[in-house]
Amino acid sequence: MAGRARTDHALERLVFFSDAVFAIAITLLVIEIHPPRFDRAVGTDALHLAALANLVPEFMGYIISFFVVGMFWMGHHRSFALAAHYHPRVLWWNLLLLCTIAFMPFASAYASANVQQRVPTIFYCGAMLLAALLNLRVNTIATSPPMVSAKAAPADAARVRGRGIGVVLGSATAVLISFVEPRFGQVGLVTIPLWQLLLMKRWARAPA
Amino acid sequence: MAGRARTDHALERLVFFSDAVFAIAITLLVIEIHPPRFDRAVGTDALHLAALANLVPEFMGYIISFFVVGMFWMGHHRSFALAAHYHPRVLWWNLLLLCTIAFMPFASAYASANVQQRVPTIFYCGAMLLAALLNLRVNTIATSPPMVSAKAAPADAARVRGRGIGVVLGSATAVLISFVEPRFGQVGLVTIPLWQLLLMKRWARAPA
Amino acid sequence: MAGRARTDHALERLVFFSDAVFAIAITLLVIEIHPPRFDRAVGTDALHLAALANLVPEFMGYIISFFVVGMFWMGHHRSFALAAHYHPRVLWWNLLLLCTIAFMPFASAYASANVQQRVPTIFYCGAMLLAALLNLRVNTIATSPPMVSAKAAPADAARVRGRGIGVVLGSATAVLISFVEPRFGQVGLVTIPLWQLLLMKRWARAPA
Amino acid sequence: MAGRARTDHALERLVFFSDAVFAIAITLLVIEIHPPRFDRAVGTDALHLAALANLVPEFMGYIISFFVVGMFWMGHHRSFALAAHYHPRVLWWNLLLLCTIAFMPFASAYASANVQQRVPTIFYCGAMLLAALLNLRVNTIATSPPMVSAKAAPADAARVRGRGIGVVLGSATAVLISFVEPRFGQVGLVTIPLWQLLLMKRWARAPA
């Protein structure tokens, strides 16, 4: 039982560390957007509105990335809520996932600074696809033996994985669209909830 | 009871993640203020004092934003102290709130860099109004069934919402003032405690 | 007892939020130091060593500020370890303290960028004196009724305050020295442990 | 028992603060990589691919530093999982370790910006050697009396230290290689797992 308490503590600390990295990465997304600055003598309302309009792609990129990272966090949240035991195998996969998440502020800033261009859009959606794959791996480990709690309903574990697969399919769709028509690349991410809905229909047999 | 423990854990992790985003956003507020730098041969006391005097709007903006974000955190703190159960509905509203909070370093830097100009002041106060509305929504969900604790006094829940409504009214006042006279826009925020006092008189029937 | 559990939870969340702000402020200290960058064709060892030598004031400033903020965190740590009850009064004083701590990356970068100049040195030591005063106030509230634990030894509370007064006196010494001879201003901070030792002799009657 | 609970709380808060600093430092590693930015009229795929190719050393540096800081975090994690009691001695050593960890974003950015040059490579590997030595010191304190848990298996403590010594030897190897041939300096870090494996063979007598 001493060992039990210790491994649970290890699980808690892993979750805490992951939460912190998710929270910092998500909050750093904004710092690559630089505020326009005009002298009071020059800065008319029209000039400011034009400067803000110029930043719209950055704002959109911020919001999309915030919700994407937030979605990864929620998946992590949901899958580790089903885990009761720590296992060293999750440590490295989780670190790989966090490495990709902490990279998101760069990928997001790069895509927003070069909006509607092919390479930056593919780069961004590709980074997300990588995160989605690692996310699925980590969530599958956390919801499988030996980590999963004996009290966790199998349907809950299946639902967590179904969501994860939806993110993978949606990100892959976005990468494919970016190759063909970069302008609609990030729109491909909108298919994530559609894929999830589709998969949920197959998995969701237990009550929420 | 296993389910109970699990949802409580979900609530805790949500609170933790929110706290981290609040803490990071509040601490990032300062990094848009760039320190003046003079060579030792040039940097007289007078030059330094003038450079610091130039930064006074930035300092004021930092302090105002720090207390505004701090106030949002305190509202979150107070309302989730009354919650005992997790409910998925709060997740998305909370993420929207955090998205606005994490955006504050940009809004604050933009307003401070263009002090007393109409568009930046409205932009800043508008961002705060949006955060105030989302904050009210999240706090209302957290202090309502099914999330609210059976042991929470209804007067406490009412007080938390009263404070939230005060922030909404104060932010709206600031937006309105900014349209008419940008120089006094942020002064409008001072009305937040006044609105709260006014509303508290109606709600505060239970002891603090 | 429900109320008891709730206020303890409020205390925990306050401590958590404060810890996060301390941790972020302390980790942001480094980001105002910009790495030198030379092309491979140009970057000889001598050039790099000279560039690093130029950064020595920045490195020193980083280390001093890291330990000063670390010391504030330790004081917070020690005093809240003696607290068992939450009281709303501590909330605002703590927010003021955190506002000053989160400001440290600016004050530290400003002093390091203008090393040995009077105004920046006074500014930095003054920011620290302000933090020291707020720190003393917060720690005194946390180690006094109604917050202090019934089990806390009065000698421990006295020791925490003695340390806090030592930081105030050391910071005030640094401010005074900076007025007279800026080059030795930060050296004044070295007197903090001396003041603490002096005060400890009077307070430290209980075993560590 | 009151005292016991209090010191355990001190240990928890120390671990929490350390986790936060590790998490922030690891997430800040990316912000020194600045995204390329091209106008839509100019930004061809070839131009973007060339710009990204230019950033490969930065990307490699990010990944290496992420895993090195992650490894330090895991060592901290593992050793404090074996500790059950708080002791003030660990406080200062831990603060020194965190000071070096929080410095990593600078060292990493400096090395990546001046790839394959001698001084930056030695500086980076030297910073890591310092962190490795402090890490070993902190982990040894945490896994020795009076901090170590009575229930911790001596073999686990030995394994934690063995890993720590492996990091020291690997970092020292990297420093030595950097002096002779900077291009392969960071490759020296690959020897860390080799040293650990070598040492593990001697220590690992207990089941994982």
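Should a chain be cited, it is by its letter among A, B, C and D, assigned in written order, with residues numbered from 1 in that chain.
Convention: contacts are C-beta pairs under 8 Å (C-beta built on N, C-alpha and C of every residue); 3 or more make two chains touch, one makes a residue touch a chain.
Note that this is a predicted model, so its numbers are computed, not measured.
A.B. asks: If we look at chain A and chain D, which chains touch each of them?
C.D. replies: Common neighbours, chain A/chain D: none found.
A.B. asks: I want to confirm something about chain B and chain C. Since they are copies of the same sequence, is their interface symmetric in residue numbering (over half shared, so same) or not (under half, so different)?
C.D. replies: On the two sides of the chain C and chain B interface, the residue numbers are mostly different, under half being shared.
A.B. asks: Among all chains, whose Cα centre is located farthest from the one for chain C?
C.D. replies: A
A.B. asks: Quick check: superposing chain A onto chain B on C-alpha atoms, how many degrees is the rotation, to the nearest 5?
C.D. replies: It is a rotation of 90 degrees, to the nearest 5.
A.B. asks: Counting only Cα atoms for the centres, state how far chain B is from chain C in Å.
C.D. replies: 25
A.B. asks: List the centre-to-centre spacing of chain A and chain C in whole Å, with centres computed as mean CA coordinates.
C.D. replies: So the centroids are 35 Å from each other.
A.B. asks: Identify all positions of chain B at which a residue touches two or more other chains, and write them in rising order.
C.D. replies: 16, 20, 24, 28, 31
A.B. asks: Following the definition at the start, I'd like every touching pair of chains, please.
C.D. replies: Chain-chain contacts present: A-B, A-D, B-C, C-D.
A.B. asks: Spell out the residues on chain B that touch chain C in their complex, using ranges where they run on.
C.D. replies: For this pair, the touching residues of chain B are 15-16, 19-20, 22-24, 26-31, 33, 35-38, 40, 43, 45, 48-49, 52, 62-63, 66-67, 70, 73-74, 77, 81-82, 149, 151, 208.
A.B. asks: Provide the residue numbers of chain D that touch chain C in the complex, in ascending order.
C.D. replies: Those residues of chain D that touch chain C are 2-3, 6, 9-10, 13-14, 16-17, 20-21, 24-25, 28, 31-32, 88, 91, 95, 98-99, 102-103, 105-106, 109-110, 113-120, 123.
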